[in-house]
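Letters A, B, C and D mark the chains as written, and numbering starts fresh at 1 in each.
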Amino acid sequence: MYCFESLIRVRYGETDRMGYLYYGHYPEYFEVSRTDMIRSLGLSYKEIEDMGIIMPVRSLKVDYRLPARYDELLKVKSCLSKLPEIKLDIDYEIKNEEDKLICTGNTVLAFVDVKSRRPRRAPDFFLEAVRRYF
Amino acid sequence: MYCFESLIRVRYGETDRMGYLYYGHYPEYFEVSRTDMIRSLGLSYKEIEDMGIIMPVRSLKVDYRLPARYDELLKVKSCLSKLPEIKLDIDYEIKNEEDKLICTGNTVLAFVDVKSRRPRRAPDFFLEAVRRYF
Amino acid sequence: MYCFESLIRVRYGETDRMGYLYYGHYPEYFEVSRTDMIRSLGLSYKEIEDMGIIMPVRSLKVDYRLPARYDELLKVKSCLSKLPEIKLDIDYEIKNEEDKLICTGNTVLAFVDVKSRRPRRAPDFFLEAVRRYF
Amino acid sequence: MYCFESLIRVRYGETDRMGYLYYGHYPEYFEVSRTDMIRSLGLSYKEIEDMGIIMPVRSLKVDYRLPARYDELLKVKSCLSKLPEIKLDIDYEIKNEEDKLICTGNTVLAFVDVKSRRPRRAPDFFLEAVRRYF
């Protein structure tokens, strides 16, 4: 298992008229956190794409427990619990400044060849970088 | 059961560098569609809020099947399959211009009193408006 | 001169905790309106891009006069006041449901060859489509 | 004069199909930077709002010089060049990782009483915090 935590501050434009972080922005927070997690492994999502592999999201789940407010500095944690051979399955947890769990989530991403637009296995260098955690 | 379909055209700013509608925008499309569905029942989400009831999202699920592209006119369908006494449980389907299913999803919303910030039952006028469909 | 008006309803996720349409969403409304304007001329921004011409925005101006609220159906007007030989210069006006002017704006877009990433003249078919208005 | 610089990394969802940071996201980057600038003065935009003063944006200008790309860490600088007695007039500069200027901009914000929704002077504690720089 491998986890990484990002800090993301809630922007004004991300709140809605309820005064809370809009529910539709959580997937982008997950994306920021998983990009940081990949970077923390010495990899770069951008370089993976530049090599001709895109990683479209296949599924998303979010459970909203407590609201997040404007200007709060949230801890967004991404955890890889399985070796990502065919799919990248990531669990998320968001905690607020008082360390209360405000949200859990999951995304599953595929590895897709950008030219053929067909699914493929994770590239070897990616598996190498994470294998030691499993 | 009660369903309603909205038409939403993919905006340029909603695409990402993969060339597709960014996965994080689907929840907002669901929101537009369920607001239209509520309007089609002779209700108004805005008026519900103005009466002191907010409806935070408790959970979200999205299954992405096919990508959506810039400028496509998508059909976003919202279906209410249960009488919303305590929660508003809505299923979604998005189809593209060729009528292919590109996405399914679900959201569960609560009814919350804006002053006490505590859950409550759906207001009577809301239940009256939908009861005939169940 | 050539003008076209789009109708855009303010989405929940586009409001902020002030209760108004967030100031950062107006540029996207302008984009929707100018895309509709181009479509109304029998052209398609998407096809222009597919032909290898991208149109990056060079400058943006917005004057905010009155707030726009959740669920309001706004009239977003795009006007082309000059023949777009080198640049596409568009003026915008947004009016609310009571027909009050809530915002004016302007964008200037360039025509850029997608391969060389260098500026170029507007393609002939584009100029042909708009010439009769000038 | 008082300046402050924020670091903002371009998110995947903020790029568009041109592969660049979408032009409509720059105003939000300005907002993040000016919020950081206000925080760096020992103030908090959130607390100003909690005291009953909102600060709607009156005007926005952006000049786009070079594109910003996915995952780039941008330097977004906010400068206050006048004492903000009636309006908060801020100039922005964005530089990329190679320290090239990619964008300049300006916003003017008003101070508005949240109850009466009428313009007012800047609150005294705000002027006190910035007066030494002018």
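As a convention for this text, a contact is a pair of C-beta atoms (placed from the backbone, for glycine too) under 8 Å apart; a residue touches a chain by one contact, two chains touch by 3 or more.
Quick caveat: nothing in here was measured; it's all calculated off a predicted structure.
S.K.: Count the touching C-beta pairs: is A-B or B-D ahead?
M.R.: Of A-B and B-D, it is A-B that has more C-beta pairs in contact.
S.K.: Taking each chain's centre as the mean of its CA atoms, which one is farthest from the centre of subunit D?
M.R.: Farthest from subunit D by mean C-alpha position: B.
S.K.: Roughly how far is subunit A from subunit D, going centre to centre by Cα mean, in whole Å?
M.R.: The separation of the two C-alpha centroids amounts to 27 Å.
S.K.: Using mean C-alpha positions as chain centres, tell me how far subunit A is from subunit B in Å, no decimals.
M.R.: That gives a centre separation of 24 Å.
S.K.: At what distance in angstrom does the C-alpha mean of subunit D lie from that of subunit B?
M.R.: Centre-to-centre distance between subunit B and subunit D: 33 Å.
S.K.: Any chance you could list the residues of subunit B touching two or more other chains?
M.R.: 12-13, 17-18, 20, 23-25, 27-28, 31, 70, in rising order.
S.K.: If we count contacts the way the header does, which residues on subunit D are in touch with subunit A in the complex?
M.R.: 9, 11-13, 27-28, 31-32, 35, 44-46, 70-71
S.K.: Help me check something: in the complex, which residues belonging to subunit A touch subunit B?
M.R.: Where subunit A meets subunit B, its residues are 17-18, 20, 23-28, 31, 49, 54, 56-64, 67.
S.K.: Taking the touch rule as given, give the residues of subunit D at its contact with subunit B in the complex, in rising order.
M.R.: Residues of subunit D touching subunit B: 12-13, 15-20, 22-25, 70.
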